[in-house]
Structure formats: C-alpha cells, structure tokens
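Read from first to last, the chains carry the letters A, B, C and D; within each, the first residue is number 1.
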Amino acid sequence: MKLYDEDDATAIGMEIKILSKPELKDPVLISGLPGSGYVAKLGIEHLAKGLNSELFAVIYSSSFPPQVMTKADGSTELMKHELHYWKNPEGGSDLILYTGDAQPVTPEAEYEFADRVLELSSSLGAKNVYTLAAYITGNFVEHPKVFGTATDKETAQMLSSMGVNLMTEGAITGMNGLLIGIAKIKNMKGVCLLGETSGYMVDPKAAQAVLESLSKILGIKVDLTTLEQRAKESEAILKNLEEMKRTGERAGRQPGKDLGYIS
Amino acid sequence: MKLYDEDDATAIGMEIKILSKPELKDPVLISGLPGSGYVAKLGIEHLAKGLNSELFAVIYSSSFPPQVMTKADGSTELMKHELHYWKNPEGGSDLILYTGDAQPVTPEAEYEFADRVLELSSSLGAKNVYTLAAYITGNFVEHPKVFGTATDKETAQMLSSMGVNLMTEGAITGMNGLLIGIAKIKNMKGVCLLGETSGYMVDPKAAQAVLESLSKILGIKVDLTTLEQRAKESEAILKNLEEMKRTGERAGRQPGKDLGYIS
Amino acid sequence: MKLYDEDDATAIGMEIKILSKPELKDPVLISGLPGSGYVAKLGIEHLAKGLNSELFAVIYSSSFPPQVMTKADGSTELMKHELHYWKNPEGGSDLILYTGDAQPVTPEAEYEFADRVLELSSSLGAKNVYTLAAYITGNFVEHPKVFGTATDKETAQMLSSMGVNLMTEGAITGMNGLLIGIAKIKNMKGVCLLGETSGYMVDPKAAQAVLESLSKILGIKVDLTTLEQRAKESEAILKNLEEMKRTGERAGRQPGKDLGYIS
Amino acid sequence: MKLYDEDDATAIGMEIKILSKPELKDPVLISGLPGSGYVAKLGIEHLAKGLNSELFAVIYSSSFPPQVMTKADGSTELMKHELHYWKNPEGGSDLILYTGDAQPVTPEAEYEFADRVLELSSSLGAKNVYTLAAYITGNFVEHPKVFGTATDKETAQMLSSMGVNLMTEGAITGMNGLLIGIAKIKNMKGVCLLGETSGYMVDPKAAQAVLESLSKILGIKVDLTTLEQRAKESEAILKNLEEMKRTGERAGRQPGKDLGYIS
C-alpha cells in the first residue's frame, strides 16, 4: 500500500536529498521526531552521535514551520529532517536513524513524510520500524517506565517479555505513531516504545529509559552516561521550539536577557 | 455531477483498497460516521455485526487525524474507513454499510470522501443513500425521537408517514449530511435519520431509536437487544476519541489510572 | 491576468454547472455573497427575485462549509452558489447576479472563486463589476449611509457625485472585496458599495440603502417595498448560518423550541 | 536545491508579472516583508523611494489575505508583492528590492514565495541576499541595536566586525527568515539584519538603525532624514493591517471616527 506514488510530484513541497546510498544488512529504521519532553528526539540524537552514525539523507519541506534556527556560531539554517545509517560491527542488524528539527505542520504532511521515509527505508532493505515517543502522565517520577505497542500481537508479547508495559488502549499521535501504522499496511513490522514523562519539561531520563529498552531488544550497546549532559546543552533551544509550537505564534522567541521576539 | 474525476489523482492522499467486488441486488448505502453521541457509528457497527455483513473495502487517507489507535491485545492500527455488504436473504434490497474511525480533518476531504464513496456505491448499483446522525437537544430523554430529512419532497412525506419527525430548518454538518447532499446532485435519493440525543455522552438509546426507524422503513429485521451492551464496551474508547477531536490537541489521551498523554 | 488556467483542473474541488449560455448586452456583474448583516446577500436576492431574473449557472464546491441545509418542505440541499441573468427591457445594460449560501472556507478558494466567476462573466461580455458589502460601525442608525470605492479614480469620483461616501482607507475582506480587486488586474472596472450597519443583526435597511444607490447609478428600477418583508422571512435561517460561521463549530444548529444541534 | 520545479504549475495560485527584465551587475537581493513593527517593510520602502528604484515585477497570489486595500484617492487595489531594481551609479553592486502588502497566509506559501523570488533573483545574477527583520524585546529604547545572523560563519564574523550584534540562538520566523535559509541550500549567501524594537508599535527608529548597518555593509549612501516622516504617514494604514493580522478576523477594519468594519 502506498498513499503516494513514487513517480508523482509530492502533494506537499518536499525534497529528499540523498547524499549516499548505503549498502545495509537487514537494517532497522529507528525514528524519533520531536514531541513531548523531546524524549524521542533526545533518544535518536544520542544514538546517532553515540554510535558514530553517518548522515546519508536530508529532507527539506515547505511543510515545516516557516522559520530558520540560529546556531551558537552566529550562523543560521533552514529546518530539516536527517537520516543517518550505522553499520553494526558485530554482525547484527544495521540501523537507519531518523530525526529532525520539527514535525510537519499539517496532518497530510505527517502522513506523506511517514510514507516516503518508509519507502526509502524499505528500498534499503528495512522490514522493521521502531519509533520512540513520550507517555505523558503529568507526574514526576524517579525511574520512568517504558510503555510499548506493536503492529502485531506476537511482537507485542515479545515486548512484554522484555519488561515493556504493554499499552492496551489510547492513541499515539504524530509521526512517531503514523510511522508504525503505515509500516503495517506496507507489510513491515512496527514497534513504538514510549518513555514515561511528566510532559512539563525536556526529559533525558525518559529518553534514557527508552534507549535502555531499545538496546536490550535490538542487542545493541549504547553508552548512556553522556545523555543527561547532552540533554542539558540542548534544553534551551528545545524548550524554545516547544513553546513556539504550543503557542502557534508566528513570531520566533529569542531566549536570553531580553526575551526578544523576532520576525 | 462529480466534484472529482475518477481518472484523476485524488486531491487528498487517499487509497480505497477493494478486497472483493460483490454482486448486489438494488443495494442501499447506509452510512454512519462518528459524530455527536456516536449515534451514527454505533448504529452502523451494530448493523454490520448483527447482520453478519462482509467487509469488502478499506479506505486509508492522509486526511484522517494523524494518529494510530491501540487495541486491547497490545497491537496498534492506522485509522481507516470500512465498507461492508449484506445480501438480503429474504429477497429485499441488499445493503452497503459505511463507517470508520473518524471523519476526515478538512472540509475539502469530507466532500471528496462523500463523492468517492457514492461513486463506488453507485458502481455497485446503489440508487438510495441513508445516513444516520445525531439531533442534539442538550436534554436527556427516556425515549429519544427520530428526526429526518430527504433530498426530495415525496420521500420526506414518506418519512413523515413512518413516524419520523420532519426537519424543516437547520443544517446537518459533516459527511452524514454531505453524503445525501451530493447524492442528490448525482441523481441518487438520500435520507438522513437523526436520533435525539443530549450531546453530552455516547448514546446507544438514540442509536437504537434510529435503527428502529431504519429497519421499519427498509423492511429489515435487526436484533437491537445487544446494542446497549455493545455501546458500553466501546464507550471508553469512543469517549476518548471524541475528546481528542473536540480539543484538537495533537497529544493522544490514554485513559486509565494515569490519564497519560502520548506523543 | 489569470491566477488559474482555464484548462487546468481547479486547485480546489469545484464544478460550475452551466444551465444555459445567455446572449447578453453589455452585462454588468453584480455580486453579493453572505457577509456581515447579510447586507450583500439580501440585496442580490431581492434584485434577483424583483427583476424576475433567470438562473443560468450553479456552482458546487468542496470549499464550501461541509453541510447541507434543510428547507421548509422537509427536503435538503447541498450548499451552492448561483448566477442569474436579467435582460434589461429598456435597452440599458443587462445584469449578471451572483450570490450563494456561504463564502468559501479558505482564502485560496475565495481567490479562485472570484477569478473564475469573473472569467465566466467576462466570457459573457461583462466589463464592469459591482459588489455589495457591509460597512460595520457598531451603531444602530435610522438611515444607513452608503460607502463606496472603485478600482479607478474616475469611477470613485463618479460614485462621490452620486451621493456615495468615498472610502479613503481600510480593507474590504472576502469575495465582495476580491472580486473588484481581481477585476482590476483583468482590465475590468470594479465598484464596491457598502451599506452602513451595526454588525449585530441581519440588516434589510442597509441592503435597501445599497440597492437605492445601485439602481440610481445603473439607472435600473427596483421595487424595494418588499425587501423588509423578505428580510424578516429569511432572518431565522440567515442568523443560524451566521452563528455557525462565527463559532466555526462543526455541529449544525437547529433553531426552534429545542435549539437542537445536528451532526 | 529547489522545492518547486520551474516548469510545474505552482502548488499555490501565484502569478509573477515581469514588467521588464533588467541587466544587473552583481545584484544583491534585499528583502523586507511586513512583520513586527513594520521594521523590515519601512526599511525597504524607504530604500526603494530614496534610491529612485525601478519597479520590474509584481506578484499576485491566492495565498495573500483575501482582501483589497482602499487608498486615499478612493480607489482600491488587490494585495501584491513588488520587486524593484536599482543600478548603482558608483560601480558597486546593483540592488533588487523586495517588499509587499502582507506575508502569505500559509507556511507552504511562505516557502514557495521565498523559493521563487530567490530563483528569479538568481536568474538576474544575485548571489547574495539580505533580509531585514525585527528583534522584539518588549522594551522601548532610545537607540535601537542591530542584531544579525548569516548563513555562514565567515559572513557572521564580518557582521560582527561591522558592529552588528551576532545572534547565537533563537529562530527567525516568516519569509524574512526563510529567504536566507533557502538561499543557503541554493548556494547563495544570506544575511539577516534585525532592528531592536518593542513590538508594540510601528518603529521607524528600528528601521533607520537597520538601514544604517545595511548601507555601511554594502557601501551605499541612503538619506535617512525622511524616514521618520514617511513612517508617520504610513502608520495609520500599517497599524490597521497589523491588527487584522493579529486578530485573524475576516472583517476589515476601517479606522476613523466610526471604527467601521467592512465585509
């Protein structure tokens, strides 16, 4: 099943820039786009840097928020999504890591992004998709739980046997949900792992809990000690982004002593 | 009249998966998409299960809310619409039953869905369309009335003679209204039956009242005793869905002890 | 200038059903789509009926609000726009009258509707466009003034000499404004006549004031005595429509003893 | 990189009317679309008039707010964007000046406008893009600072050496940000200069500060003495526009003794 033809012009303005076409062995797509608590994005960014993964595709789109982000060196960049690959030196599955600056702004674009990224991953051999997400409870906890769901009963049981708390009702919104839903109708298998979080702040602990489950399930070793530090560094910019998304304002917010707005 | 050409790519991302193309005798399309009180959806789901109808088409679309729903067995599925058919063993009209997880998110998509489902039904021989809907009064009543309207005066008079309260002003919004409006300009006949409901809760009584009118008009026997039970079972998940639609939030709500939000 | 090619599929779902292609003499397009106080719509409807004009085109579109309207005879119809023509028996300009149930729901669709209706009118020979509109002051007045603007200075001076109060700043929003703005870049001449109104209610007096100016400018005799009566008859349904537009709710409102909502 | 093909129909309704195709020497695109404090628009308008620049392209689009603006002479015009060129008599870089009545209403249209205006400028030889913007602080200051960012580190350092305060975090929203972000992926160089402003009023002082920096960087002489006067003249109409944008109302506001609304 494909919601969009490969040959067709995209319904949305979107350009997938392929930097290199890696040869991968049984790759697993792991996605973590920004959402509540930046749990998913923190997780993938840590994975991408911790594993020394290689950037191989960049996506630009007119469905991203209409803005540019300023970096610490005074330079500025357009919003984008990125795909990295990682070759497993121990012979297990290779990985495709997918994250980006923001989720697309319309439901239609979220579907099309999920569809196209799955097509690209499938063309590289991927049959399995893991997405990270946040499970918001409104409470602060010392040791966040990991919740999960899968696109088939058997995988759901496997998750349960690995210590993941199975979800049995509720919805998972945004691309971290859509990616596994669309994977299913493409005959791929999908799993979503959700880290318990308050929903009130950037949450590196929830990201860490999710990565621990993920690495256990996939049999991959990830150094998690630097995750909390990385989270702190990126907290300012992430908070900023999140607030803008919530308020829906078109004016950008410039944190700092003046709390400046820019347009 | 067709708002969209059959040959054209859809203006919206949409895939109609035809599982089988049934041979039907003078079929009547009966639609009940989710709306206030889940009156229409409850009605069609009860009809589809009570009549042992056969699923023959599934619709996926990027115009549905961007989320997946988790089921009791821990597995997850993309939002979809479904079409069932039922062969009338007593020689009367066969039925095409249409319902789904949610209405499309934009007006444009509501029109296109209505148009395409009518085209499909018409290609199977349907000339008559019944839609179920809710008539919200803000009051709780023991015995909900059934209101109705038709796309021509004669059918409206027929409804009146069957005990249906004729609407003489007001609008019917969403696909349950559009389906009969577009049916009319396609030279099909349309009827909308609306069950009186408070608007504050899932209302199996209103669904039952509407089904009683429908089965009387179409001369079909439906066992309504299990409807209230079914309503109770699905109330949790439906309520959840409805709230999300109302608030328009992108975070999914996970009912249960933690009232968790997921994204 | 054309924002859209005639050959192209519409960017929006839209069908212009031409019932007959009238031969017209120097026709003037007069438009009055629903807006504040229903001043414009009341005006055109009165003109269309008072002049015994002939319906020659109907427009359906997926850019209208997704709903159907119920009529007094219990039957129901899809939202639509209508074009009437009137042949001037006294040898002056013929008229094309344009109104409908609602304005399109998106800015893009408002532009495309204005563009296409102007193309159609131009193909029938129209070089001049008048639109009616409301000039909201928040105050109730006994004798509403008429304000006006034109797409060129000379016509603006002509309006002033006919007793119209010239606007010299501010914006006119919606299709009643766009129609003259786009007319200008198509080398047609445009005039907008705005009736002073409180903005709080359907205002037949403002419609009457605008029609008086219009008939004086165009040299057409219109019987205005029945306008107030017609306004009263349609006030219930119009109010209803207006409220729905303001609240943006998807549930239709059913006025009457129950104040029912329908969906 | 191009988000849109030149051959393709625009995804949005858009017409670029080329009045003349100037021969330019190493032209620099300078953009200032309306935003907070009208800093950017005031700046470009002053530049365009002060330099006696020549209008060479007009853009109409169905992605502009659906309204027309009334002018002091009683006439009315559709919303538009304009491109002027200026030939540098002293042998330095020529200029392309870009401004307009309003930013497009959707994110998708903002991206497409930025993309197409860059393509047009590039086809005239432009390799460098400067955009003006507002840096909102919420405070009133006597001498507004100028902030800046560039699409590469070296240019950012150059800005810093010219007395511009380098931004090191935050987002720049709307087309004044997108133009430099998309310029970068087209291998053009981009700079954004932001004038410190309260955000509460039209701010000619901020525009003046930004123009001083710009003229210093580009080595162009601009007479800034008349800027404050021009700002006063246009303040009424600009304020009006800004309020409409903020409230998102469809009714236009007519300033004056009646505070009339028009639709």
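Points worth noting:
One rule holds in what follows: a residue touches a chain if its C-beta (ideal position, glycine included) is under 8 Å from a C-beta of that chain, and two chains touch if they have at least 3 such contacts.
The model shown is predicted, which means the values in this text are computed figures rather than measured ones.
Between the contact lists of chain A and chain D, the overlap is empty.
For the pair chain B and chain C, the fraction of shared interface numbers is less than half, so the two copies use mostly different residues to meet.
Of all chains, the one whose mean C-alpha position sits at the greatest distance from that of chain B is D. With each centre defined as the average position of its C-alpha atoms, the distance from chain B to chain D rounds to 49 Å. Centroid to centroid, with C-alpha atoms defining each point, chain C and chain D lie 35 Å apart. Among all residues of chain D, none touch two or more other chains. Under the touch rule stated earlier, the contacting chain pairs are A-B, A-D, B-C, C-D.
Residues 9, 12-15, 17, 60-79, 105, 236-237, 240-241, 244, 250-256, 258-263 of chain A are the ones touching chain D in the complex.
Of all the residues in chain C, the ones that touch chain D in their complex are 1-5, 8, 11, 35-36, 107-108, 110-112, 115, 133-139, 147-153, 155-157, 159-160, 166-178, 180-182, 184-185, 190, 192, 194, 196, 199.
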